[in-house]
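In what follows, chain A forms one complex with chain B and a second complex with chain C.
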Partner chain A sequence: MTSAIGTTKQASGVTTPQRPRRAARRLDVNKATMLALIAPSVVLLLLINAYPLVSAANQSLHNGTLISSGSFVGLDNYRSVLTSPQFWQAAEFTLIFTIVGVFGSWAVGLGLALLLQTDIPGRSLLKVLLLLPWVVPIVVSATSINYLVATPSSPVPSLFHALGLGAPLFLANPGWAKVTVCVYKIWVSFPFMMLMASAALSSVPDTVYEAAQMDGAGAVARFRRITLPMIARPTYISWILMTIFCVNDFPTIYLLTGGGPISATTTLVVLAYRTVFQNFLVGPGVAIAFLMTLALVVVSVVLYRQIRKAAFH
Partner chain B sequence: MTALHETVAAKPQAAPHAHVARKDPKRWLRFALALIITAVALVPVAVVVLLALRPATGSTSHAFITFENLINVFRTTDTPIWLANSLAVTLGTVVVAVAVAAPAGYVLSRGRSKAVSGYSLLLFVIQSLPVITAVIPLFILFAKLHLVDNLIGLGIIYVGVSMSVAIWMMAAYMDSIPISLEQAAWIDGASLFRGFRSIVLRNSLPGILSTAIFTYLVSWNDYLVAIVFIRTETKFTLPLGVESFFQQNVTDWGDVMAVAIVMMAPPILIFAFLHRYFSVGGIGGALAGT
Partner chain C sequence: MAEMRDSNHLSRRGFLGVGLGAGAAAVLAACSSSGSSGKAASGGSGGTMKFWDMPWAAPAYNTAAQKLVASYKPASGLPSATYQIIQWANFTETFAAAVASNTGPAVSTGGGFQAFQYAQQGAIAYADHLIQTFKSNGTYDDFLPGQVEAMKTPAGYVAVPWQLDIRVWWYNKPIFSKLGLTPPTTWDEMESVGTTLAKHGYYGFGAGMGAGNFIGQHIMVMMMINNGGGLFNADNKLDVVTPRNIEAMEFVQRLAKAKIIDPASVSYTTDTENAQWKSGKFAMGINTGALDIGAGITDGSVAPLPGPLTGPHGDKACLVFQNNIMMYKNTPSQAGSEAFTAWYIKNMSTYWKQNLLSGLPVLKSIVATPQFQQQTHLDAAVKNWLPYAKNYAATGNVLSPSLAKVDGSQQLTAFAQTMLGGGDPKTALQTLQSSLQPLFA
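And now, the complex of A and B:
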């Protein structure tokens, strides 16, 4: 597609060949129109996205509060954050939460996409129903999970008890709370992965499979040698997006456990939120958010490179 | 970039091996498996509906299903106010976001200068930044502007948060509208703006709808921005209302789930009727970090 402005130049060249000056003026008018069309979004992005980033960078170097800007402390905030055990504990759980969230939801989503790709009755209805965990607001589903698992007499612990598996404290025991939060995240995210995988799978031509089948390739071999490589690119994209969603996720954890018990399920976002809005330490809180952003950018870039590699294959 | 541009309709695709599968004895086995997984996955959703419609303990009603809890929360709690607040904020956000994103999307779709592609890349970077990083300085700024504990302030942030993905979605849709239509109009003397308004915008309704659904979900589902910026109970949006009501009435599940169903119903209804316009990247973004 050619440039709109360039095209207009040709267009006005056609209509007004004898009046180049008018054509030039028209080009300026078009530039001004383009600017006017994009200006509101630029203003908003400067206010809501660029200004906070610059301001946050500044705050992370000061010891201010929510009402005073404080004095310059250099890299002290980063130093205190990087030497605090809470930070590393939160970083570790963020990593676990993200890895389990990304690959757990991917495995479930891809499995279901493969299952629903085959000819089974009512599969389009099942597909729509399976997207519901994603459509339901987190506040609502977290409340529901609370009802299901929170106390020893809740339905799920009761079921465990009836099956002779004991009655685990899904939210009160640190280990179980981690498991619960991760499983909940997979439940929320698998529909997204299923949609991405379905879209990718439907772009693989049937003839490829038919040829492989004739060559005597089994189902597992077809999946590993054909399906996976052919959907590599969309798969990497879905991993990147899900990594971003998991690292940035606040409500899934905060609404279910509040980061507890004893900060077992505190991720970096939850820690940053608590540092600023519950302990009123703006500088260290912003520093945590910044370090998290940095890690996220690094991971995204590494995965992005994988995409480009996959694109070459 | 591609992922966010792919609008995937949840339409049924032709079965790849339909003729083979008809005789497949494993077909019903797979059906049973899919059915069981779906049933398990829907338990948390079903629980909300069942508890909300179950007669409260001590109720005189013997009906299996009752709207008592729903009527009760509308009469005795702030639920109507929360609902009104949520509707006002989301509606305002959707209108402003589409009004800003549609023209910007047009520039992104038609402009091919370096500045435009740089802007496109910037939007991608911005949308992956954690909302928490922006929320802290904005809280301090908005406190000075008296926009904290203010629904308009909340709406402004929602527009900003959803802006980059919204512009991308609009640009992606407008890419599918052939430029030749505008070229013809330009030759006839139409201005660039006229081409945008009466040709591109007029043919972009599905794209506008997708973008509107996306921004609606961002603002309707958001919890993080709301909990930071809203303080007074009468200004709560539904997520804050559901959460605070749950904390105060932890054992009164019928009423808690009745408030929850008020919050859950609109997205589900929109999904049920408009799922063709749900975009993969868009909805993914709707749930990222809010």
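And now, the complex of A and C:
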């Protein structure tokens, strides 16, 4: 006989909790099964992610070379990196590059997504064409940009000259090189932001806009009070992703300027690469990479909190 | 339930077992693959060994090299050789990963200072025995003077030289002819010619220091060497801020201010720089010994100057990189590595006979071939420039692992860009000294 609480009353009259024990055993078996099922994935993930991470962390605490681990130096590599002017110069440009890259591409992407919401002629074709900067391999587009701006007689400097705007050295002047790299980053990234914004905008019900319009809200008010808040979550997600893309963007810088002139466009990821593979200082190079990761985690956590707030509202 | 358990049924535990088994097998396979590849490479009677080579010239070179290596017939019991091209892009990582995991080559070409670097890290098999063999069979005497000894370190010969990458001055003959200019022989003449060229819209100090282009670094070092200076002192210590170097860089600064240097050249990639030479915008400047081949200038319009320029103190010099073939400790047979390297050195003349390489040969016997002498620019480089050539170690004379850290470094790149842009020489040299110093700590 089974009671409501799952105990079994035996002939002797002694009540034993057999059902829960069996259930608990089954639960244990299920747990073990589940653990065993996910074990191969966990092992693979550990091999693919954790092992290199731990290995890299270990390298950042040693003064090794590319083929040997070297001796333990504690936090010396971090100390030397954090006291190096090159690191802070690269950190400053990384910050500029990221802020301009994220918000520049977001502004352009959102603007174009809003434009594509309207019934403009050739909308489908325009959508495809606007995706091209994102689709074309970086090597190809960087080479094209180089052709357009590299020499004083290249098309863009020639155009500037013809318009009486002087003959700027877009890649040779440190200031202009920074501008060129940032503009190029916006150009290659806005299609991604446009796609994210388009998807977000399509989820905003028309009825909300209609109601606001009936209440007398103008276009600007509707954008500020309805559109922006309602696409806030996907916007924060796109910012997180683009921040990661910008901070880790190696090919854009390396192909376009190589980090120059005079290190003006060197970002942290380029500095880390050069430190490891050109100066052969593995420990400091990996330490730079770890500091970058730390910064990215902080930024991501802050933005995730914003997402949660947006969800709550 | 029992009847459902036929032979095809896979129980939950069975499935898990298979899954875990497969995962473990994959992991074991992954772990063991690196360790066993060296052995896998050595099969057959003497097995095989890996020879890694770089794209030293147009693809036809690598095709010929592959064919040459395939024709290698080792003595009984020694391994044959396999040929693999390693691209220059990220070659440092490729070699480092392979050497660290014992999956690297037994013999390779590579970066000019790579052998010194790996020797310091214990991965190189010294070539002392091979050099001794060369001395006994006469091959040693066939090398151009000083080339083999340049590979010597206190611990032994780290490699065997096989070709030279030289930097020389070039000029555009039709433009010089049009403007009635004669090729300069001194720095003063060069400046004067450059000024005339600049007045006519040409640049007399063609250079490039953009992404992936390191010629600008070489040009600056060559200018220092040409003035009796260099990055190192006679004791082989880093010593950049010297009166001769300052004077050389002041000369470069003058050229920049007089618009003899293209102000955009700091950002020129190799392709852009070559395009400037091809279009004639660059009418004079320092480049590799095979600018005509590299830039695709096939009409004979560019030619090397008759010889190195004479500096203000009478110094004459140019820069050379002594590329070499190195042997690694990770080999199926050291005797096999040495036998292959000796055979390769003996048979590499085919590259120059077929006009496939832009580097200069290191063997007198190749220089003497009619096929090489028909390559007038390379032949002129050997006869008129090579006797004055110095390497990166100047004014010291010992190649070392540290040079790998300097050549191509961001510090030297920033310095060259500063100078091409007309920056202050002394400040730039001081910055270079202080930024390079930690690499030698």
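Everything that follows uses one rule, which is that the second predicted complex is superposed on the first by the 267 of 313 C-alpha atoms of A that agree within 3 Å, B and C clash if a C-alpha of one lies under 4 Å from a C-alpha of the other, contacts with A are read in each partner's own complex, and residues count from 1 in each chain.
We take it that contacts are C-beta pairs under 8 Å (C-beta built on N, C-alpha and C of every residue); 3 or more make two chains touch, one makes a residue touch a chain.
Bear in mind that the values here come from a model prediction, so they are computed numbers and not experimental data.
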Discussion item. By the touch definition at the top of the document, which applies to A:A172: first (chain B), second (chain C), both, or neither?
Written reply: second
Worksheet item: Is A:L116 in contact with chain B, with chain C, with both, or with neither (first, second, both, neither)?
Response: first
Item to complete: Determine, under the contact definition given at the top, whether A:T33 touches first (chain B), second (chain C), both, or neither.
Response: both
Practice prompt. State whether chain B or chain C is in contact with more residues of chain A in the superposed arrangement.
Written response: B
Worksheet item: A:G258 contacts which: chain B (first), chain C (second), both, neither?
Response: second
Worksheet item: Touching A:L44, do we find chain B (first), chain C (second), both, or neither?
Response: both
Fill in: Which superposed partner A:L281 touches (first chain B, second chain C, both, neither)
second
Discussion item. Is A:P152 touching anything from chain B or chain C once the two structures are fitted on A? First, second, both or neither.
Written reply: second
Fill in: chain B versus chain C as contact partner of A:G164, first or second or both or neither
neither
Practice prompt. Determine, under the contact definition given at the top, whether A:I67 touches first (chain B), second (chain C), both, or neither.
Written response: both
Worksheet, complete the sentence: So the chain A residues that chain B and chain C both touch are 33, 36-37, 40, 44, 47, 66-67, 146, 254-255, 277
Practice prompt. Flag every residue of chain A that touches chain B in the complex, lowest number first.
Written response: 1-8, 11-12, 14-15, 29-30, 33-34, 36-38, 40-42, 44-45, 47-49, 51-53, 55-56, 59, 66-67, 112, 115-124, 126-141, 143-148, 187-188, 190, 192, 195-196, 198-199, 202, 206, 209, 233-234, 237-238, 241, 244-245, 247-251, 254-255, 269, 272-273, 276-277, 282, 285-286, 289-290, 292-293, 296-297, 300
Worksheet entry | Residue ranges of chain C touching chain A (in the complex, touch as defined) | 12, 16, 19-20, 22-23, 27, 30, 90, 92-93, 96-97, 99-100, 117-118, 121-123, 209-213, 262-269, 272, 275-276, 281, 404-405, 408-411, 413-414, 417-418, 421, 435, 438-439
Worksheet entry | chain A residues within the chain C interface of the complex | 33, 36-37, 39-40, 43-44, 47, 65-68, 80, 86, 146, 150-153, 169, 171-172, 177, 254-263, 266, 271, 274, 277-281
Fill in: Partner chain A, residues of chain B touching it in the complex
2-3, 6, 8, 10-13, 15-18, 21-22, 24, 27, 30-31, 33-35, 37-38, 41-45, 47-48, 51, 99-101, 103-104, 106-108, 110-113, 119, 122-123, 126, 128-141, 143, 156-157, 159-161, 163-164, 167, 175, 179, 182-183, 186-187, 189, 191-193, 196, 220-221, 223-224, 228, 238-239, 242-243, 246, 253, 256-257, 260, 263-264, 267-268, 271, 275, 280-281, 283-284, 287-290
